[in-house]
Amino acid sequence: MTIRVKLFAAMRDLTGDEVVEVEVPDGATVGELRRALGAQIPLARSLLVRSGVAVNHDLVENDHALSAGDEVAVIPPVSGG
Amino acid sequence: MTIRVKLFAAMRDLTGDEVVEVEVPDGATVGELRRALGAQIPLARSLLVRSGVAVNHDLVENDHALSAGDEVAVIPPVSGG
Amino acid sequence: MFRLTRDPIDFHALTDSVRDPHCGAVVLFLGTVRDLTGEQVTVFLDYEAYGPMAEKKLAEIEADVRRRWPVGEVAMVHRLGRLDVGDVSVAVAVSTPHRGEAFEAVRFAIDTLKELVPIWKKENAPDGTGEWVHQSAPASRERQRPENS
Amino acid sequence: MFRLTRDPIDFHALTDSVRDPHCGAVVLFLGTVRDLTGEQVTVFLDYEAYGPMAEKKLAEIEADVRRRWPVGEVAMVHRLGRLDVGDVSVAVAVSTPHRGEAFEAVRFAIDTLKELVPIWKKENAPDGTGEWVHQSAPASRERQRPENS
């Protein structure tokens, strides 16, 4: 399935895109998505390791299983305030 | 010497006066002033026990020696804020 | 800056007055007149001060705050006279480089003001009776009945 | 109440919005853009958010604050877009019956906002370079270099 992943801040600047499409097997986990994303955008790997992944607006662990249609985003360490 | 003592809040309401004059020996301490004040205004005794005495705008202990011309005030427990 | 005033406290101006480009944090505290103190319904309060001593103590608190925290500005105003429910009786504002310092400095300033500054309030109930608040110690005051702020 | 906005934050209106006759205490926190972050001179900041998730997290923080303290009102606003030195980036205001609760609730709200809400800032230096701030943990962020507030 194709997962559309939203990117923000330095992560977006590294790729030049607000959204990247990543191909993963049906039912893939967030951990698998991370590996696919790192393979697709090698420059993003070091920030990706320090970033969270949000599914439908909540941070999830790497064993979380994805569904087609999930809203997925990479969340670099935040710096609001 | 005559010490003019300023009174505030319930202490003033008890006496009806903003200032009372208290006669004490020259060089009397604040403790002696307290006793003279209590004798002069028996109604004020129980609040006086819970009150501080300020000399020239600072709270002082009972062994503090008074001088003629000191600005003296009874400071009931405060409730600002 | 500190001031005793019989006029309404302009706490918006007070907040603006402490802002500083070197300071990333501003904290403002307002004490306001509550409609209830414990079980007691309050209709209005009278505040009075021993003015010269109150100003001396406020100056000491300001100096203490500046000594203890890297304060940009600190401002404290206490209102005197008759205050109605909802009125602001006291305002304290501080700016500091970082937020932890601003919270600590304002908390210290208002706690110390309530402990040391010779100001007294009289609570006036709907039945026309009024009573000066003279609890003897902050600890027992907290236990016996809640403060107004 | 919480809001993300690209307009200047009206923190005076925010302060007024939390006042409540049952509450004797109001605390306001403002985070403002400092001219210096550590050794780095800042000329302006850019803030961006992941909007829907940021709003969800702000709603969770508001619910948490209301659960943990007897809050009259709570209001949080974060600004996005370009901010200059001195601008207010975030404002949090809370009213509670007593002052200890108000200080604790505002401190909790701003600390949690800075930890959990997906908002990022880019620091733009006088030489035209800009850098997204992405420290990896609050603890190491404090050690490595001071925050803006």
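Every chain is named by a letter (A, B, C and D) in the order it is written, and numbering of its residues begins at 1.
Here is the rule we go by: contacts are C-beta pairs under 8 Å (C-beta built on N, C-alpha and C of every residue); 3 or more make two chains touch, one makes a residue touch a chain.
These numbers come from a predicted model, not from an experiment.
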Minimum number of chain-to-chain touching steps separating chain A from chain D: 1
Centre distance in Å when chain A and chain C are each reduced to the mean of their C-alpha atoms: 49
Rounded Å distance, chain B centre to chain C centre (Cα mean): 26
Set of chain C residues in contact with two or more other chains: 31, 110, 147-149
Touching two or more other chains - residue numbers and ranges from chain B: none
Pairwise chain contacts under the document criterion: A-D, B-C, C-D
Of chain C, residues touching chain B in the complex: 31, 47-50, 52-54, 56-57, 78, 89-90, 110, 113-122, 132-137, 147-149
Complex interface listing, chain A residues touching chain D: 6, 8-10, 13, 47, 50, 54, 57-58, 71, 73, 75-81
Touching residues on chain C, where the partner in the complex is chain D: 11-12, 15, 19, 21-36, 85-86, 97-99, 102-103, 106-107, 110, 146-149
